[in-house]
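Both complexes shown next keep chain A, but they swap its partner, so chain B is in the first and chain C is in the second.
Moving on to the complex of A and B:
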């Protein structure tokens, strides 16, 4: 993408073993909304050496400030949510079988016949399904409902779990050719990106990093984090669906893909929660074009990010979101391209380095 | 020697072996049985035959143990924009497929997953309900040009869920139907290697059970057994227990019905009863849908037994068994066989 051999600092390759191993540990951790401790521990370990100030607030957000040394600085809040969609055990039926509820948005059709992990100890379990031999053809045309499913820990495995424990899919992080497959890429990618940005934050900004909780249940962590940090600019770094699959009808064109893999970071102009600040959108797109970084505009669609909470905080915070496109969000395993992840990091890094508060001044130029 | 069943079973579960494509699993079974048996052969349709000679006088009677080793799975039917369309090999409920990890056996093995396309890319009738198998796709994580190079229509696809130990005694995974029964035969052979037995034992890991019981229809012609024991999984109870299901971990089942010779049933049930091996009588009012169904009608007819190992969530990638039941099945066969007098068949009566 960058033909110039003397590439500027910000266009250098960003992804190595350190970043992928960090993402692996983040994705394989279980951190369902309301119980983000496993990811919080990783984040605290990573950011403490990088920041002047690190605190865990009343909701469990990790707020980490990396102060720039320039005379005039922009206060930039970047938010990445630590929580993931998952389950909570709600009923102990005995015999190792537990009824459960969904935390966040998961299509019930994604649950059947899956391996899961339960609690901090990651106790192995399965979500079974009735044997096909015992079903009627009529039954097989009806989607299995949540109340018909149980998490099965085995006849003598139930003693270690209890009602209230969180659970998630047991998928392990895997690198496949140009791709990465894992659970909770939404939003451990954002968490990993934010840690990387702290590592090399430029001196022209105060980077106010918010590793937020409870995004998947209503953007709740970001709201209090933004109030506390009181930034001039808000950026949510997240992951957004890439629905770039073929249509069942082979003549049918898929024009509603939201985003596409291999097309670079997705810049938001509008989603269900936010109209992105136009000045920030231009700043990001100009940066990408100047630096030769591919990008795409996320198709304006419903959905939302922490920016939805941040931009309405106090007297208002100009905000935008940048996401890594991901296929199969909120299922047992999502899939991204390494190149899209890398370009997202390059774009954010390059954009921050050139950020000047003047972009927020109304301009007639 | 005593064979540790858990690693043996896990090794078998890791091997592919769809119906008609059993070579990888057959090699593993043969390696496990090598120290326990005297002669090996492979049938014309891919079943493994292993003879463990008895010590009775020639000509010795023969018992055949039949546990199918083939797995259900999928086969590629088309490639669209780097995604694979597929059909099923064996009985698969499409509702279990979205999000399942698979291995595509292309020019090399590829890590894939079954994916549910977004609603707007599906026919309107699919809506938000059950999506028929023909509309599901397999994602390989590779770029489309790479997929075109590595995958062909007709390539087979296995489930990839790794085995999971649930608590101290249960194991979950794919293809426990029917590798647990192969493990039970291993356990039986292992016990018999330390016992005297008058009868010749022919252990069979049969092929293509899931597609028309082909192995079981053909192996008896080579082996000419006096009677046969089929070993397969049966339904274990979980949520909303079906009346056709059995508790998990509380014993094996002995089938009773038209596929079963009633006097053979009485004989093995007595062995189980005398040795306090827990079992339940499984009523099979018509056909059993197992190797016993086929073996019974080969040539002039063969008396059959069927031992069932209760298993939850049959034909999903998280089938669950209790290892206690697997050992019980193996031990029951070994005890029954080692006690068989040479003239047992002459004592078998219709009454």
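Moving on to the complex of A and C:
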């Protein structure tokens, strides 16, 4: 859990132009839960050349199987959700003004004054805010409620939009030194990582890749995907909040950071939906230690990933999650470190290459 | 003062078994030790034993005879506990609950980590007359600094409190649900002749949402299922209104907040208790859930019920059950599994 100063043994670069451009196109796509078409198209284009079998299931999950050539293989499902939190237009007030609801978890207080895009055409708009000139000191003390907000598309944009359309933040992917700032890094990072894992999947596993839908509204896509794929092991790759700024606690020590930037991939032991399988946790930690890859344990907290659905499928699937730490998750602009992304990919890649079904033998056997 | 014993001879083997089970640590997700302890108790009696992907221990007794069914009996072996979220610069460990842990029963309590470390639970200074939340509490392992602390983020502990035999009543942490595991073990051992294929499931992760029983029920795919778990009582001063009391026999669940017991299963349980002359109580539990729900909702649905052991002070380090209720529960469960089952 040391900061990211060591050089991994396997220091071959994992992230180049191809990977960052892929992440850029994934983040800039709009893919709010229930309408994941835009990301699905990118995923299908990327994975078709890499997999023996690719299908889109009834809910819209992309299930891509890359079969290993070894005689004895482990069936590993890796899930990355394609959907993002966002909005749905619910009310057409005319003149390009739309009332809207939140899809997934977004703090209402963060909406005022944000630029947004609407629908598959990315119609530009804004969640308007009253100018400060016209607000009273009293008004400025309280958050504006969702019912008082409108997405303003103007008359031309408004004519193209309709109730039921999805909307998201308009933030464009930007590289800032060692960091990347974008919307929807939760979970386009996972999607990008899963595509890369398919590209270099080892022969000792059948990689059952599930690019899932509707995670942000309750792990819905992963549930049916896991039932269909029926794996031996489940891994959710996701992005998790890093609340690692200096503390504003009274005693000065930030005790509730969840994860920290620059400390490497976050391995889960427990969240609100899953208690991670300890054998898998040990496998990941051992891999990281052997390979000199930095990692951190995500603080056990509420929250959930697709692992919450996968592990309870059928007669049970030992499962775990690994996430890239991200500041400002579920807001208009998240921020990650490239090194954390790269080390996450390194860890998953190295761990899969050494995976042996023997790790699933019960401790007492 | 303790009441007089309700049975003439004490079953010392049963008391030893309960003590062993309640004193073995095993918070949800860390059931290795308790699973090994149960295996030790049943390995000479079960015809087949396996551990599934989520760590459920599944033991079969009997094969399906004409008129027999596949029956699942589920008693969970996990217990509530704590998981470390942060160790501060002075070596104090902050934590989160595993399952339903009340801050009120934490303060001053002692914990035992799976790595053998012991600790006590302290609390920040509170405003007068306020109830703490878990984030105001911390575990003190005696460490002097973060570097010195023998536990780190993700380490798991359970509450530590020795078993106490009061005669008519038995007290321990984790009577929920180790007492039911003891009942299931005793029934498994006593089940000499059955027309059924009985799968005794010692389930995991019940306290965090019936997770083990969910996958176990899918894997077993039973024709009928019973959970065995503790239930609350209404027999202490100024407590919830509830018909169930200690010493009046095991409870047959009609409903809790997680499921409605199949009325045919309730009738079968009542008829069996009556014909054997065993005391029983009917239970309606307003808040609480059991593995019965997970069994009922498996596959295309399963008739399911729950045999409950009345228990005071649930989820505290001093959960209290009645010795006679436990004895009668073992007898009722054994009888339920021994004869042909005709539902409605």
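Keep in mind that, in the parts below, the second predicted complex is superposed on the first by the 345 of 365 C-alpha atoms of A that agree within 3 Å, B and C clash if a C-alpha of one lies under 4 Å from a C-alpha of the other, contacts with A are read in each partner's own complex, and residues count from 1 in each chain.
To be clear about the criterion, a residue touches a chain if its C-beta (ideal position, glycine included) is under 8 Å from a C-beta of that chain, and two chains touch if they have at least 3 such contacts.
Predicted, not measured: the structure shown is a model, and the values here were computed from it.
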Partners on chain A (chain B, chain C) - clash or fit: fit
Touched partner set for A:256, first chain B, second chain C, both or neither: both
Touched partner set for A:22, first chain B, second chain C, both or neither: neither
Which superposed partner A:339 touches (first chain B, second chain C, both, neither): neither
First, second, both or neither for A:110, with chain B first and chain C second: first
Superposed model, angle subtended at chain A by chain C and chain B (C-alpha, nearest 10 degrees): 130
Chain B versus chain C as contact partner of A:217, first or second or both or neither: neither
First (chain B), second (chain C), both or neither touched by A:59: neither
Touching partner for A:275 - first (chain B), second (chain C), both, neither: second
Chain B versus chain C as contact partner of A:359, first or second or both or neither: neither
Greater chain A contact set [chain C / chain B]: B
Superposition-derived minimum Cα distance between chain C and chain B (Å): 11
Contact residues common to both interfaces of chain A (with chain B and with chain C): 256
Partner chain C, residues of chain A touching it in the complex: 232, 253, 255-256, 269-270, 275-276, 278, 281, 297, 299-301, 311-318, 360, 362-365
Residues on chain A engaged by chain B in the complex (per definition of touch): 93, 95-97, 107, 109-110, 112-115, 124-135, 140-144, 148-150, 152-158, 169-171, 174, 176-179, 181, 241, 243, 245-250, 252, 254, 256, 262, 327-328, 331-333, 335
Contact set on chain C toward chain A in their complex: 28-30, 32, 35-36, 39, 51-56, 83-86, 88-89, 94, 96, 98, 135, 152-154, 205, 208, 211-212, 214-216, 218-219
Contacting residues of chain B [partner chain A, same complex]: 80-81, 83, 91-101, 111, 113, 115-118, 120-123, 126, 128-131, 135, 137, 139-143, 146, 161-162, 164-170, 172, 235, 238-240, 242, 244-245, 248-249, 289, 312-318, 320, 322
